[in-house]
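Multiple structures are listed underneath, in structure tokens.
Same chain, two partners: chain A is paired with chain B first, then with chain C.
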Partner chain A sequence: MNIALENISKRFGEVQANEGISLAVPAGTIHGILGENGAGKSTLMKILSGFIRADSGRTFLDGAPAQIRGPADAIRLGIGMLHQDPLDFPPMTAVDNFLAGRTGAWRLSRPDARRELEERQADFDFRVDPGARVENLTVGERQQLEMVRLLSLGARALILDEPTTGISALQKDRLFAALRKLAADGKSIILISHKLRDVEMLCDEVTVLRRARVAGRAQAPYDLNELVRLMFGRVVTREPRLEVPTGGPLLTLDGLAVEDHRLRLAGLNLEIRAGEVIGLAGLEGSGQELFLRACGGLLRPAAGRLRLAGRDLAGEPYPVFRDAGIAYVPAARLEEGLVAGLTPAEHFAIVEPGGGLVIDWKLTMEQAERRIAEYDIRGAATGPVDSLSGGNQQRALLSLLPPGLCLVLLEHPTRGLDVESASAIWRKLLDRCADGAALVFTSSDLEEILQYSDRVLVFFGGQVAGPVPASAMTVERLGEMMGGQP
Partner chain B sequence: MNGESLVLVGLAGILSSATPLLFAAIGETLAERAGVINLSLNGTILLSAMGSFGVAVKTGSLALGFLAGAVIGAFMALIVAFGSITLRQSQVAVGFVLAMVGRDLSYFLGAPLMGRPGPTVPSWPVPALGDIPVLGPLLFRHDLPTYAGFLLVAGAWFWLYRTRPGLILQGVGERPAAAHARGANVNRLRYLYTIFGGALVGLAGPIYSLSIKAGWMGTISGLDGLGWIALAITIFGGWNPWRAALGAWFFALLQWLGLVLQPHLPGVPMQVLQVAPFPLMILALLLVNAGNAEWVQRALAALSEPRRRAAARLLRSLRAAPPASLGEHFESR
Partner chain C sequence: MKEGRPGWEAAVRIGLAAGLAVVFVSGLLALLGVSPARAFMEMASGSVGSAGKLADVLVAWVPLLLVASGLLVTFAAGLWNIGIEGQVMMGAVFTTWMLRLLQDAALPPALVLALAIGAGMLGGALWAVFAGLLKTHGGVNEIFGGLGLNFVASGLALWLIFGPWKRPGVGSMSGTEPFPEALWLPQIGALRLSGWALALGVLGIVLVGALLRGTYFGLKVKAVGRNARAAFLLGIPTTRYMLSGFALCGALAGAAGALQVTAVYHRLIPAISSGYGFLGLLVAMLSGYRALAVPFVAFFFAALNIGSIQLPIVFRLDSSLSGVLQGMLVLCVLVVHGARRRFRREAAP
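So, the complex of A and B:
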């Protein structure tokens, strides 16, 4: 399908999300939409797929003007979108997810649907178990399921929003192969990404957005420095790792065992030293979250000891961990980290130590402004925190951590953030290390793990390998270990 | 009558006396599956019991009486739907106020009907099936509403798990944005299921006032509180029609035990036995959902490994999560 967007503009209250954006995607090509967080990429594609109505501008499909009033229209016209967080029904099975929303006889035939699902998966070498509950699938599998579902609805154009976030290297290879195959079949593919490497590998043409406008276009082969300049308006480089000398032992795990209904980790022994950064590598759901939650006092260990400065904290309630100077920063920023609907200033008022019964708004606002400046949060102190972009939400979350922590546990601290936001987050985190705190973090970005960790633990299906010094590792070796090769 | 048939009659009585709760719990299950909590049940059931009895007395028609019950239930649900979906107000607040208003209104408007004789639904044994030993007296010697209750449970289950619209209904309550992405009109479906569910809740009223506890006795009708129990049964049922039916039958069993045990426990005041089913039902609800609690996990940790795993599995299978968007507004941009 040939897609053309003409002069699309959209404003959310104070924020101009898209301004006069035009775009053409010929059938059979893969088009990249590149831009930093908050540049307006997702908004533009949600307009094309009917989730958001544009304030002005026109859409042409195969040369004819198209009225897309909602997702139902988009599906009918053959446009399917895979959202960054797959829009599926977690408690339902894969086959029910595949079926939900399809037209046809009102009585369901699961065996037929199962067969169709498996046939379509075979085209792309996808292997989602049709009977599995979606909540037990990995992000990559959920994405595969959504993709197959959209194609089964007759999608001729596929939009993917940051599809390589949170999926394994193997899943990424399969995804890219599938997208190339679809493009070769004449389908139009649009890939939203902030990862230059993905765009370089896959896209025939790229449109770069910056601050709601088109900053430039480029065709393969790309000059990556030029793309970076278009994205940020200047050249950004990853800075070298700050060397922080590590101190004495801080947290000692002694035969620790943790489990949930899916997974059991047992016999964990580890000594974390002050100032040290420990990276947790592994495919999503291999036990990293269990490990982090146990260290943070959010999950009661099934056995073993967890000694902080000699004191065994295993089995103690969460407030004891918190008072001991352990902080946990979850991946789900809005769901677990921040309170959607409250403003940053209100968040600061909540965490302010000592504060009396009545909030001193004058003082709170002063402190809010100070923290906002210190952490470079771009957004008003008095607007709801959920209206901030992902990078600013993450900065807001970190700015809430009290000073003087001894252990900071982070789940995917830079997930979904562009290079610049990510290095800003890490500068703040490494400042904590310089003050003697230890960091333990998970990430699906192996380069991030190797760049910032002193030592790495590798999780694979309930087994933990390591710790291995990061300096002795390569991305390739790490990938092998995550796949279960010793 | 021998002992065996006595048990049969008792069980058959439990099945039929649970019918209003069955209707109310299934109606609420459907509305909550779409993401709307209709908290007005207690007021709705009282108002529709009184209203449908009044209509049946005035017109002499049982059918019109039942229709009136369904209309009253649908109307109360419409208020909840309008308040929460269109006006975007709190479902809990609107529903709770309606529960109060419905109750007081039924006592006030029903005063002239107090103690009046009225029509009652005759029992209608199913020909041939009613003569089957054991199953006949148990399942096939009831009145029409009781049969309708059995069919309702099976039908609701089938709709929810075996049809396309049912799958979308699950999706609307679980993740409205994803249902919207699949082309569903989330708020229209929410209106439809809330109103339809409300009509089922409304039918619970005439099943009391025209059948099980025929007549209208105002505050001593003994119906006050049953709407809250129906809400508890919806949770007990884990938003699954068959489990909800089990909950309704379990509550009817507790009530029946209260009656049967009364002569054998002369020391216990009658009121205790009458009221006991209510706290017992809540206790059952707690036990079913106890798996989440920290103290249960701690208690389990003390057991031996295989037992602990078995107990954890049992608790997990009992545990049911409410539809994830229950009580939340949905707006497409």
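So, the complex of A and C:
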């Protein structure tokens, strides 16, 4: 399908999110949209897919002007969107999710739907268990399910909002292969991403947005430095890792075993030293989350000891971990990290209550302004957090970490952040290391793991290899280990 | 922190809904062969037509206000405190119990009344915390737990009225033996209305409003209500906050029950809660969970209740018509609310 957007503008209160944006995506091509956090990418795509309405501007589908009044309209016209934060129905099974949004027949036939789901999955080598509950699927699997669902509803254009954050390299390869196949079939694909490499590999053309406007366009092959300059208005370079000397032992794991309904990690022995950064590599769902949750006191270990500065914390409730200076930053920002509907300022008041009963709003607002400036959160302190852009939500989440922590556990800390903000966030995290804290983080970006970790643990199906010093590793070797090669 | 849209918009919405409800009810009245205009006139004069009537409306306003303010807290905590009816009942039972204990003691009546109202608040709070514990520790949804506890509470009241606390001779639906007049909350002149009760009701909504708007407790309760998982990770002891929410709501409901005994009926009767608990749920919802709107909406419902007493007398219509009107009103508010959401869908993500 040929898509053309003409002069799209959209304003949210005081924020101009899109301003006179035009875009053309011919059928059979993959179009990338780049731009720093808050540039207006998600907004533009939500307009195209009917989730929000533009203040002005026009949309043409296959040359004909189209009125898209809602997501149902969009899908009827053949436009489907995968959102930055999944919009599926977690307590339902994969098949039921697949059936959701069907119109027409009243009677649902699960066996038929199951067959169709499996057939469509086979086209792309996707492997989602139709009977599994969506809440137990990985982000990557949820994405595959949603994609197949949109295609079954007749999508001829697919929009993907940061689909490669939080999924494993293997799932990413499958996803890219699927997208290429769809484009070859004449479908049009629009991809929002912060990862230049992904865009470079996949996209025929890119449009760069900056501060609500089109900053420039480029066609393959790309000059990556030029793209970065268009995104940020200047050249951004990755700075070298600053070295923090590591101190004495901070957290000691002694024969620790953790399990949930799908996986069991056993016999973990590890000593994390003050000032150290430990990267957890592995395909999604290989046990990294279990490990982090156990260290954070959110999952009671089945056996073993977990000693923080000599004190055994295994089996203690979460508040004890928290009081001991351990913090956990979840990947699912709007599900576990932030309270939708409350403002950033209210979040700060919660994590940093002043003395007394009554909230001193003046003081709280001052503190909020300070944190907002420090973490460069773009968006108002008095609007709900869920109206911030994805990257700014992530910054808000990280800005809630209290000072003086001794162990920070992070799931995908730079998920959805543009290159510049990611390195700014890492600078702040490493400052904590300089103060004697240790960091443990997961990431699906192997380069990020190698760049920032001192040592790496590699997870594969509940087996843990390592720790290996990051300096002795390469991305290729890491990839092999994640695939289970010794 | 101000929440959401400006208040006037909510007011317009409620007005629109009320208008719609009036249209529907007028149609119904016309079908029944009664002039809608006359019926509404009668209801108006029957509720705010004289000082006496107005006092009657305020007598109903106070418990509604207390119950709805309590419910603002539980709603903020994301809880459906359906057990509110039972909490009002237990407030009345505990108050009666305390008054019976102390009525023959040589204590100043003011102290006895204060203790009795305190006991009522405690009773309501305990009953609410019970529903809360069933939820947090027993895995029983508060709606079902609350419904069950409502039955238990009204069963208990009936048993007391017909059993241990029955009137000399034989127990009856008319309740326990009335307390001596010294143990009545003082009334304003010849009106049935007590200034103390009025003050307590106003105090309740003001406190809750301030609590939710400007305190750390209120903010944390809201966080728990909107996303308990995130609130827990942010370090809020969610169970404790839910139980505190229940306790606070129960205490306010208990106060309503206590006032029904000390200021209105002066004894325990089987229908002591007068359905104010459930009505309070409607008031809280129709107010859009805003403390500022609650007094007005509660007043409207109270006036409707009192005003419709006229209907059977004047037109030989059943007074349940006021129930129909209330039901209509709720439906209309929901419809207007839904229409607005549809109309401005872009506000949603």
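Methods note: the second predicted complex is superposed on the first by the 460 of 486 C-alpha atoms of A that agree within 3 Å, B and C clash if a C-alpha of one lies under 4 Å from a C-alpha of the other, contacts with A are read in each partner's own complex, and residues count from 1 in each chain.
Keep in mind that, in the parts below, contacts are C-beta pairs under 8 Å (C-beta built on N, C-alpha and C of every residue); 3 or more make two chains touch, one makes a residue touch a chain.
Just so it is clear, the structure is predicted and the values come from calculations on it, not from any experiment.
Because the two structures share chain A, they can be overlaid on it, and in that overlay chain B clashes with chain C. Contacts of A:434 after superposition on the shared chain: neither chain B nor chain C is touched. Contacts of A:122 after superposition on the shared chain: neither chain B nor chain C is touched. Shared-chain residue A:92: touches chain B; no touch with chain C. Looking at the shared chain after the overlay, A:177 reaches neither chain B nor chain C.
In the overlay built on the shared chain, the residue A:475 is in contact with neither chain B nor chain C.
Of the two partner chains, neither chain B nor chain C is touched by A:363. Contact with chain B, but none with chain C, is seen for A:100 once the two complexes are overlaid on the shared chain. Once chain A of one complex is fitted onto chain A of the other, the partner contacts of A:224 are absent, as it touches neither chain B nor chain C. When the two complexes are overlaid on their common chain A, residue A:338 makes contact with chain C while staying clear of chain B. Of 92-100, 146-154 or 308-316, the chain B stretch that intrudes into chain C once chain A is superposed is 92-100 (criterion: clashing C-alpha atoms). Taken together, the two complexes place residues 51-53, 70 of chain A in contact with chain B and also with chain C. Only residues 1, 214-217, 219-220, 222-223, 226-227, 229-237, 345-346, 349 of chain C touch chain A when the two sit together in their complex. Within the complex formed with chain C, the residues of chain A that make contact are 51-53, 70, 298, 318-319, 322, 328, 330, 335-343, 345-347, 349-351, 353-354, 356-359, 361, 382, 386, 400.
If you check the complex, the residues on chain B that touch chain A are 162-165, 167-168, 170-171, 174-175, 177-184, 294, 297-298, 301, 312, 316, 321, 324, 332-333. Within the complex, the chain A residues that touch chain B are 51-53, 70-72, 75-76, 81, 83, 87-92, 96, 99-108, 261, 300, 302.
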